[in-house]
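Submitted below is the structure of interest, expressed as structure tokens.
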Amino acid sequence: MRSRSTLRILVSRIAALAITALAFLTSSTMAQTGEPIRVGVLHSVSGTMAISETTLKDTVLMLVEQQNARGGLLGRPLEAVVVDPASDWPLFAEKARELLVRDQVDVVFGCWTSVSRKSVLPVFEELDGLLFYPVQYEGEESSKNVFYTGAAPNQQAIPAVDYLMAQGIERWVLAGTDYVYPRTTNKILQAYLASKGVAEDDIFVSYTPFGHSDWQSIVAEIKRFGGTGRATAVVSTVNGDANVPFYKELANQGVNASDIPVVAFSVGEEELSGIDTAPLVGHLAAWNYFMSVESDANYDFIDAWLAYIGDEDRVTNDPMEAHYIGFNMWAKAVEKAGTTAAPAVQDAIIGVSVPNLSGGMATMLPNHHISKPVLIGEILDDGQFQVVFETPEPIEGDAWSDYLPGSRDLQADWTAPRHCGNYHTVEQRCLAGDTD
Amino acid sequence: MKWIAIPPDRAGRVTVLVLVAAAVLVPLASFLPADSALGLSSYTVSLLGKYLCFAMLALALDLIWGYAGLLSLGHGAFFALGGYAMGMYLMRQIGDRGVYGNPELPDFMVFLDWQSLPWYWWGFDSVYFALAMVLLIPGILALVFGWLAFRSRVSGVYFSIMTQSLTFALMLAFFRNEMGFGGNNGLTDFKDIVGVSLQSPQTRAGLFAVTALLLALIYLGCRVLLETRLGRVLIALRDDEARVRFLGYSVASFKLVVFVLSAMIAGVAGALYVPQVGIINPGEFQPLNSIEIAIWVAVGGRGTLHGAMLGALVIALAETILTGSLPELWLFALGGVFLAVTLFLPRGLMGLRSTS
Amino acid sequence: MPLRSFAFWLGLLLCALALPTAASLRDDINRLGDVSNDTRGEVLQDILASDHPGVEALFDAYGRGALYLDRRNGTVVQGERKGARYELRDPLTGDELGVAGRRDVRRLRVDNNLREELDTLLALRQLGTGDPDARVAAIRAVVAAPTSGSAAALQARIAQEADLTVREELEVAIGVLALAGEDIDVIRRSLPLLAGRTDIITRGALATLSQRADVPKELKRQAQKLMTRAEEKLRWLARIEALFFGLSLGSVLLLSAIGLAITFGVMGVINMAHGELIMLGAYTTWVLQQVLPGSPGLALVLAIPAAFLVSGLVGLVIERSVIRFLYGRPLETLLATFGVSLVLQQAVRSIFSPLNRSVVTPSWLSGSWELLPGLALTYNRLAILVFSLAVFAALLALMRYTRLGLQVRAVSQNRAMARALGVRSHRVDALTFALGSGVAGVAGVALSQLTNVGPNLGQSYIIDSFLVVVFGGVGNLWGTLVAAFSLGVFSKLLEPATGAVLAKILVLLGLILFLQSRPQGLFPRRGRDGGT
Amino acid sequence: MSSVLDTDHGVILYLENLSVSFSGFKALNELTLSVDDGELRCLIGPNGAGKTTLMDVITGRTRPDSGRAYLGQRIDLLQEDEATIARLGIGRKFQKPSVFPCLSVRENLGLSIAGNRSPWQAMRYRASAAERERLDELLVTSGLADERDRAAADLSHGQKQWLEIGMLLAQEPRLLLIDEPVAGMTPQEVERTAQLLRSLVPERSVVVVEHDMAFVRSIARRVTVLHEGAVLMEGSMDDVQADARVREVYLGESC
């Protein structure tokens, strides 16, 4: 008996210790005034991804502030709950659970890398939360609980290749970092190029590790590949830190945009601010938004951002626009549904249209991706992009690529009656997995 | 309850007692409403489970560093390998419930157009095979690496640098998509373990209980082992390797035994960690992670198994708190702890206790 | 024929001189603000024809995307973004025109096609001006993007060209352009001119020729043969190039490891903060470039001693405050210095932001040195190769010929004896560590020219550095040199066959295996105590 | 294993033409030496004469460049590693006392007691009655019976030296190599050590390296003088001290 009560005291003490420790963290967010709507922010502010994600955290905070200035939502104020998953993938899942279980947030804006999204996905599905994911990614996913406001491959890679083909490019280097996004994108592009009649010999694929810094051999190979006299371009899915040495080596070995242009899918304004841009002029990037887009909505957004962050030299970029769109879509859907409850918002948000920053409207599609225009820009000396091409119509994001054998027949549709993330159009059934 | 008395000291008995109690009470508390005084949310239970896995990992490292004087800066590799073995089993448990509905291949293989399951995935449908691999893969790697290293008397910092390179090489290898382990994304989206849903609170509570009990068991086992002559030889080895050799002991085989044992414990920790956090990816092989394990052990106090465990719990808890409230300070704090412990607390928290 | 085209150009020049007035030049410039792609060429020709001295600057600004349409008055101005505002200048004279808000201006659209057009126009103009190198560059620019008048312009130039190399370049250029022409005889005459040329443009012209249907078979075969020969030559050059790449990678390894060869190799201190000392050197370069905004090259040169001092001082502080309490306890040193490395990383993150900083490459380090057509060695790599050897030689001399070097060797071999002989071993320890740290900082200056300058810079070099030192044999500077270069060359020879990732893994595994069998490295230090 | 040790010809250690060099410096130079079974031999010589290197070669710590080294008639020492050589019957005491500071005196001796040395055996090892008795006996021999449960780290310098000798004895070696046993000892301790060493022969053979000439004189019948890696002379202490060459070599050396 005696030992049992000691045990109980011990365990309850340990538990209490853990709980107080954890409660300490969010004591400020526990305030109960006016039943605020809680908006979770799940972006790394430390670790390797902090470079990119800190900006997104600030963007959400700014959007929340703006919404509150407009009187909140449903007459209730918004309250941001920020956690730091520290660029550690398992920690993303832990923090997602923390947001949904302990902080009881109504919606989460977060994640950058695919692996962080994959890590939190089961948590959101288990606890039926809402996640807005703002970064371009490889596609091949559609979850009831996730809204993909970044570009799918058909909203970035394919239009970029189309543009280059129109410029007369015949030979293709697909250079990427060895992880899922470049691998999938390149698989899709290979299939797409083949469908356009490009011979296998005219495609050269190369993968490098994360943070690769010695590009001498690969650039020399690109030069040789491009030295046949037929117009060659590099489609780069090189990620993060590896870009700087890559572009430097290109420039030093005399590969200019006029000889062999490089089109990148993960180099934006923010990345360029850490690069000496002089040798990069004329290389391209494909996004759905550039800071240099000339529209009043964009100017307003930039002004608000610079004022919010208090630094006139900061830039805006594509994932920020994605959060801007996602946030407005969510707010509109909440108003439409009259509640923040996940199932109601999931139903209400499909079909919601909000203005994007480049002047048109973005619409949430039944597959939880959005429609938006694709822009191709050329890098300028001042770290900005000159838009050289824009799709005339918004492009609808594809959850499942038409160019991959495994997913060609899949379709995502979260409207009634289908309610399915991976409906097989041939077998006419919803494959197991994402159904509830 | 007599068996609990095997560790002769009070700290040892308390450690076992606390772990066994946690194995019973935490699962019970998790079924109480989360907002009641003693109720624990699923979040807290997974968090505590994760801490215990770290404690087990710290114990594994302490066994070789604190007792045999071998500082492995690659122990994260064994942890990750155990985790991958478990992850592969969990992937096979998904069956045809993946997004492509393919009963043969995991999703990441389908969309990268793999035609068939690579041979090294065979057998992971069976839980017994997977559990065997959790022990065997880290064990065999440790055996081969250790045999090579100890035979040619690689020791001290050279051993540390080499283990670090080993985990670095493994990290690069697992990052490669062509390895067939899901590349950077690793293995995730698990559904079931031994036929029950991973998402259910019962499973979570069960996993926690298993972790706590196994940790208690492994702790006891190590304590018993260290009381034998083998344990004495290990301590002797740490203090004066040449003398042990001139006493006629084959130093290499002693080191090898304890290194393999430690790697297996790390593997078990990894295997328990994966179902509780829901993902395993090559980031676990990062050299930084392995160095952090050494910090846990140093903070807690080398050469006392419970000290290492305590160190892991303290640092992990501090990380949870600090990354939440003061993320910018976290690295300063961690770096400061490294410095303070090595300069002022060479025997860690345990040393603090025995001197006061 | 040359005479006729000369007359044509003379006529054009005369027209240009006669027609445009300053006012119409302004109009032309303002027309750029609202011009279609089709008519843009004419406008540009007109502007060029004005022969105004500011035209080159105007074209340059246009190509850089620095021309804006001022929406308030419809004029085209040169602008530079400063935060949320734009500073405007007259595009021809550079006179200041005040500032404008984001909404007041619109950037004139530029793209690669336009830039090429501008380059060609300027190149045609520069064919006869500047030094021979500039003329060769102009010729190449003309050939790279030929327009209808290009061939004629080159022909006109060849009669006047005195410099032999430039003349040869002109002949080849005319030949290349001729290959694309209709006249079979001209093609036949031009082909032999191109023998031995390996450049992209020539090979491109040959390839196009060999595909054409309207050319006799025998000419196509000849073109084919020239191409094969060029390719064969290129393959050889590629091998030399690979060797250079290997040496270059080796020089990076050498630089990153050489400071460690002092602190770890000679003193036996496991300094996990070594990478961060390199990082500090790189940041020093960045700071100096901010202090001297106009002259990145000078900043880079000054950064070498500055980085040596900064990292050396930090090293001194680390030694005095941490390491000196831990001599003889290598594993503790490892942990403590790792703590230091975390603190330094986070400090840099807090001070300079987690974003990468952009270190500018001065123009004399950009581009490449064309040894042979098809074999060009990049200046920055070449400079770093030479630099690494210079640092190595300096260190070697320091250790061998100076009093400090002697004392360092004495202390590292027998501390007690050295102290007995009056060597102040603490001072020697501190100075040696500062020296090794300073050298790490110098390495950072060089690496800032190759890779990102960010808080994680050091992390990516630390494991490699240790392996290089251990592989070479601890305490042996020559061993470090040999280890660095052999690892570099070996990786680069592997890379084409295995890809970059696998090459790195294989090199690492190979090293681990090698060190398992020879823990003392390539050049073991053999002593009475057996070394370990 | 020691059963293969064969000393039929009365020689326990036979070294022939051993040479060792460290980056040019010849530590041993064609050294030839033999030690008889049951003999107590002293090795003297100035610093750098090769005494410690010689012990390193015999115990397998250093591989010679050339030469031969045999234990008894048949055991080729150059083929074995340190642990095997120790199991074959050579015990070695280092210059600095080398004991396990974190273990108690008993545990130090217990680890040294002859027996199977494999990890598996060590895991299941329980001391037999005979072994416990032997342990008590060793505690008495090394004069540490009262300190049995103290950590070795807490012993005095002299006690550590005795403990180490006790550990050597526990190994039951046929040949003991002892490096400077009395350095830093009080005169009483030196006397006790001399007694202890004398008591070891003739059951065992002992080779002692020592600088303390008085001590050498008190224990050794035969003395070998090393110089520049080779044997300069061999004989009784009196012969050695009378020898002109030895005096020349030691000139400037205090003895």
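Residue numbering begins at 1 within each chain, and the chains themselves are lettered A, B, C and D in the order written.
The working rule: contacts are C-beta pairs under 8 Å (C-beta built on N, C-alpha and C of every residue); 3 or more make two chains touch, one makes a residue touch a chain.
Not measured: the values here are computed from a predicted model.
K.L.:
Could you give the fewest steps needed to travel from chain A to chain D through chains in contact?
P.N.:
2
K.L.:
More contacting C-beta pairs: A-B or B-D?
P.N.:
Result: the pair with more contacts is A-B.
K.L.:
Report the inter-centroid distance (CA atoms only) between chain B and chain C in whole Å.
P.N.:
Roughly 44 Å separates the two chain centres.
K.L.:
Using mean CA coordinates as chain centres, what's the gap between chain A and chain C in Å?
P.N.:
32
K.L.:
Can you pull out the residues of chain B that are in contact with at least two other chains?
P.N.:
172, 175-176, 328, 331
K.L.:
Got the chain A residues that touch at least 2 other chains?
P.N.:
Within chain A, the residues that touch at least two other chains are 178, 207, 209.
K.L.:
Any chance you could list the residues of chain C touching two or more other chains?
P.N.:
Residues 349, 501, 504 of chain C touch two or more partner chains.
K.L.:
Within their complex, state which residues of chain A touch chain B.
P.N.:
Listed in rising order, the residues of chain A that touch chain B are 7-8, 10-12, 14-15, 18-19, 21-22, 24-26, 45-46, 83-84, 86, 88-91, 93-94, 97-98, 101-102, 113-115, 118-119, 121-123, 126, 140-141, 178-180, 183-184, 187, 207, 209-210, 404-407, 410, 421-422, 424, 431-434.
K.L.:
Would you pull the chain D residues touching chain B in the complex into a rising list?
P.N.:
My answer: residues 59, 61, 81-84, 86-87, 91-92, 94, 98-103, 107, 110-112, 114, 117-119, 122-125, 167, 171.
K.L.:
Once bound in the complex, which stretches of chain B touch chain C?
P.N.:
71, 145, 148-149, 151-158, 160-162, 164-166, 168-169, 172-173, 175-176, 287-288, 291, 294-295, 298, 328, 331-332, 334-339, 341-343, 346
K.L.:
Tell me, which parts of chain B touch chain D in their complex?
P.N.:
225, 228-230, 232-233, 235-236, 238-240, 242-251, 253-254, 256-257
K.L.:
Applying the document's contact rule, which stretches of chain C touch chain A when the two form their complex?
P.N.:
Those residues of chain C that touch chain A are 64-66, 80-84, 102-103, 106-107, 109-112, 115-116, 119, 144-145, 200-201, 203-208, 234, 238, 241-242, 245, 248-249, 252, 349, 354-361, 366-368, 376, 378-381, 449-454, 456, 460, 492, 495-496, 499-501, 504.
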